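Next come two complexes, and both contain chain A; in the first it sits with chain B, in the second with chain C.
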Partner chain A sequence: MTLAEGVQIVSFGILAVMVLGSALGVVLLTNIVYSAFLLGGVFISIAGLYVLLNAEFVAAAQVLIYVGAVNVLILFAIMLVNKREDFSSIPRRWIRQGATGIVCFGLFALLGTMILITPWSLAPTSSAVIENSIVEIGKHFFSDFLLPFELASVLLLMAMVGAIILARRDIIPEVAIAKEREIVSTSLTLPERPREIASIGSSPTKEQ
Partner chain B sequence: MQLQYCLILAAALFCIGIYGLITSRNAVRVLMSIELMLNAVNLNLMGFSNFLDPSAIKGQIFTIFVITVAAAEAAVGLAIILAIYRNRETVDMEQFNLLKW
Partner chain C sequence: MDFSISIANQLNAATILPEGIVIITLMVVIIGDLIFGRSSSRWLPYAAIAGLLASIIALYFQWNNPEPIAFLGAFNSDNLSIIFRGIVALSTAVTIPMSIRYVEQSGTSLAEFMAIMLTATLGGMFLSGANELVMVFISLEMLSISSYLMTGYMKRDPRSNEAALKYLLIGASSSAIFLYGVSLLYGLSGGETNLTTIAARITDASSSQSLGLAIALVFVIAGIAFKISAVPFHQWTPDVYEGSPTPVVAFLSVGSKAAGFALAIRLLVTAFALVTEEWHFIFTALAILSLVLGNVVALAQTSMKRMLAYSSIAQAGFVMIGLIAGTDAGYSSMIFYLLVYLFMNLGAFTCVILFSLRTGTDQISEYAGLYQKDPLVTLCLSICLLSLGGIPPLAGFFGKIYLFWAGWQAGIYGLVLLGLITTVVSIYYYIRVVKMMVVKEPHEMSDAVKNYPEIRWSLPGMRPLQVGLIVSVVVTSLAGILSNPLFTLANDSVVSTPILQSAVVTRELPQNNVKVSSTVAPSTQH
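Up next, the complex of A and B:
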């Protein structure tokens, strides 16, 4: 980025405050819909930080994939499982939260100390920033990162098939469930809808 | 703007993600915390790529791979949450005790 130093500092400060505030909102707010929208705010702010770090392509990919796909997916999941349920209170839960907070703050202090006392071997000048990062990324993808690139496509295909199979709704008639629960409800069975009944019970319903 | 600021911001974001991962009881919020942690890691990689290795930007390549895996993880995780919600009729993490002994 060909920005002045002061402009970069101020932009970084604003984006950092946005990231941290939105992330705290994601974790601490009770309404999960607000959390999902604040998560979008975190993603957009991080895309702005990527632009400050001379990575325009990754910033665009961040906006497209995270804000456009992952955040919308999370919103859909919230809408699909949104049941106004009050979680049962657990005794001495504040001890758990307090201990977690202490551990997280300690981890942050450790990381911050490590970051500040390490002598980083910085690149001599930032004038060697390449002009077009997309060309460089493409060269990397098709020369020395070709195998991980192809493996990523296979991983995406596997994840798509797996997600479809996991989230597929088997039609379970309620009568069959009730009958099945009467029969096999012993103490050793898991409280789970039986899958075998679904294929048997769904065949006559198709003919209706 | 220095490398240290970027790394400290990423460390703070990662710690917030860990806190949310442990303390939240809604299963969807756990997934959101995981996304926060992955973004913190991405920010680290981008900072190193810009300040330590500006000629061959391999950190950006790693970031793109992490984004890809995060998208796949989000899809599979939300499918698992949907399936378990269908079976247990709740999204409370404290009541998911199928694998507890």
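Up next, the complex of A and C:
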């Protein structure tokens, strides 16, 4: 084992422990602010894994987008909703937690077995051969991934329009019956009246 | 200029002309609204409908394209994708007329609503032709994100907010599961994203990869079943249908579902050709659950939109019979049924919209005695509901017969029998509404119908609603008797699609061998 390989293995071990530890912290801690900060830790450790895989552009994008944008947004959302609410503890909560744990562990065991026994057909070009991954990504974007790349611009446009619609302040028309009977504005609500009684069929949708 | 033409030729960019027209329409809607303000809502919907119809005409000229593969394998414009893209575009073209009045009456802006709906259409159309995993995911997300936005469009209504949040959370997790399955496919094929190449690569090494392939299959089906709201993945459907604006529900139940079925056919037939037995088995389970739960729970509903939600779950179960049959007739019966379902379901939703705009309710009990006040809505809703139930002279009957016949031919007798039984159950809850409207005596009339406003089609936005209603009802009542053009269209599209043909051939070969050997066997005994 050369020095480089040793460094790789050791740093992989450290990163893996960091990912697993902080991911468990995100799920298990009860304080949501700690969870949000630990989520940032998960993202940064995954960026480290990308660096180990010679994908430095993806690593940079991961830090910029996930830590810089998504995680900060989550923290903002948590801090803006500054509401303390004490939840009454559910009796026999441990049964639910235990069941969740068993399901998650079963899924993990299944996926782990699958990953270990499957002979993955690896791509012939090793990632170490590629000099500059940004150039490669650019070539793909303008050849075989051209259509999805262009389509993403329409998707982003619509996401932006949608975000503005959701966030803007609307002029709320008054709920008033005009001279003609039928021109009734419902002021940004559904025209159908809400149901008074809960219907029988709604039972399978109430999970929590 | 020369350069750009040669690039366009190489990419075969002409195949996405219909989508290009939709994108231009989208731009016209957004920019027109920006320049002319609220006054533009008088002509914008018609521009959108014209754009969609132009896109359908462009699709017609693409029929039997000799070179369907475009964008270096990212997009496949074979006849199967053309017909599904046509269904998605047509469903939006019928949905927009019914949404004009609804959206204006709620005081929200119409242009943005149509822009989001056109994006959803675009996502559905690209999804129907996507031939590559990245393309599949981007167009799937395009469809989903626009659907979330439309669901929460009535911002001040808590039901709409709840529906949007629920749809977003369940949709995001199902997308994540789908993406995990797709990433397994990418790994199993050694770094390929093109569906055809994946199929070729995975066939080489099959035995030890079977567990990975099975898990990929299950995860991918979880994502698809969410889109078509098949039963274990249907939990979002009733609440979302109840809380969304009704035109959005109409689009979700037809356009979004059709795109989901297109994705199911393409992904399962090409990439999972090796595990055909397994995915047939999984879809049989999904179909049984959808048929039983959808039809039985619909019996207990009191709200019209909720009832139509469960009815759409059940209808997805019927369409799945064609998918499981896996023969030419099976696939073409799916397409035929989806075409017919488009008109009958959208017609029913148009009637529900008209009723709720006039009375402000969608309770089934409030429909009592409607025929005395509004014979037109009563007639149209009755025709559409009876067609959904499958009463003979109407289009839905022929669609169901064709599905069941294809299923019977393919030898899935149990499922066809279950389909027949649940059809009878479904007729009960459809007829219940018809009976409520028609049979009640004048003194049994509900309060909403007693205070029924004067029918005036001259109000702004009512005329397109009327046109949409009449078109859907005429197609629903005549498409059954004059079904031959639709039937030929569905059949042609399946027969001339290479991916389906190779799948059918590989399925039928072993059966032929068995027949030959069984005929040989007696002769040797003699």
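The rule is simple: the second predicted complex is superposed on the first by the 156 of 208 C-alpha atoms of A that agree within 3 Å, B and C clash if a C-alpha of one lies under 4 Å from a C-alpha of the other, contacts with A are read in each partner's own complex, and residues count from 1 in each chain.
What we mean here is this: contacts are C-beta pairs under 8 Å (C-beta built on N, C-alpha and C of every residue); 3 or more make two chains touch, one makes a residue touch a chain.
All of these numbers come straight from a predicted model, not from anything done at the bench.
J.: After superposition on the shared chain, which partner residues are touched by A:Ile95: those of chain B (first), chain C (second), both, or neither?
T.: A:Ile95: touches no partner chain.
J.: Residues of chain A touched: more by chain B or chain C?
T.: B
J.: Please work out whether A:Ala4 is in contact with chain B alone, chain C alone, both, or neither, and reply first, second, both or neither.
T.: Neither: A:Ala4 stays clear of chain B and chain C.
J.: Who does A:Val154 touch here: chain B (first), chain C (second), both, or neither?
T.: second
J.: Using the touch definition from the top, say if A:Ile78 reaches chain B (first), chain C (second), both or neither.
T.: It touches chain B, and chain C stays clear.
J.: Quick one: is A:Ile117 in contact with chain B, with chain C, with both, or with neither? Answer first, second, both or neither.
T.: second
J.: Counting only touches as set out at the top, which of chain B and chain C does A:Phe145 meet: first, second, both, neither?
T.: Both partners, chain B and chain C.
J.: Could you tell me which stretches of chain A are touched by chain B in one complex and by chain C in the other?
T.: Correct list for chain A: 111, 115, 120-123, 145, 148, 152, 155, 158-159, 162, 166, 190-193.
J.: Name, in rising order, each residue of chain B that touches chain A in their complex.
T.: Where chain B meets chain A, its residues are 1, 3-9, 11-20, 22-29, 31-33, 35-36, 39, 42-43, 46-47, 49-58, 60-61, 63-65, 67-76, 78-83, 85-92, 94, 98.
J.: Please name which positions on chain C make contact with chain A in the complex.
T.: 11, 16, 23, 26, 30, 70-75, 102, 105-108, 112, 115-116, 119, 122-123, 126, 132, 134-135, 137-139, 141-142, 145-146, 149, 152-157, 159-160, 187-191, 194, 201, 205, 208-209, 211-212, 215, 235-236, 238-239, 243, 245-246, 297-298, 300-303, 305-306, 310, 356-358, 360-363, 453-454, 456, 459
J.: Chain B touches which residues of chain A in the complex?
T.: Contacts found on chain A: 5, 8-9, 12, 16, 19-20, 23-24, 26-27, 32, 35-36, 39, 42-43, 46, 49-50, 52-55, 57-58, 61-62, 65-66, 69-70, 73-74, 76-78, 80-81, 83, 85, 87-88, 90, 96-97, 100-101, 104-105, 107-108, 111-112, 115-116, 120-123, 126, 128-130, 133, 136-137, 140-141, 145, 148, 152, 155-156, 158-160, 162-164, 166-167, 169, 190-193.
J.: What residues on chain A touch chain C, complex-wise?
T.: My answer: residues 110-111, 113-115, 117-123, 143-148, 151-152, 154-155, 158-159, 161-162, 165-166, 170, 172-173, 180-195, 197, 199-202, 204-205, 207.
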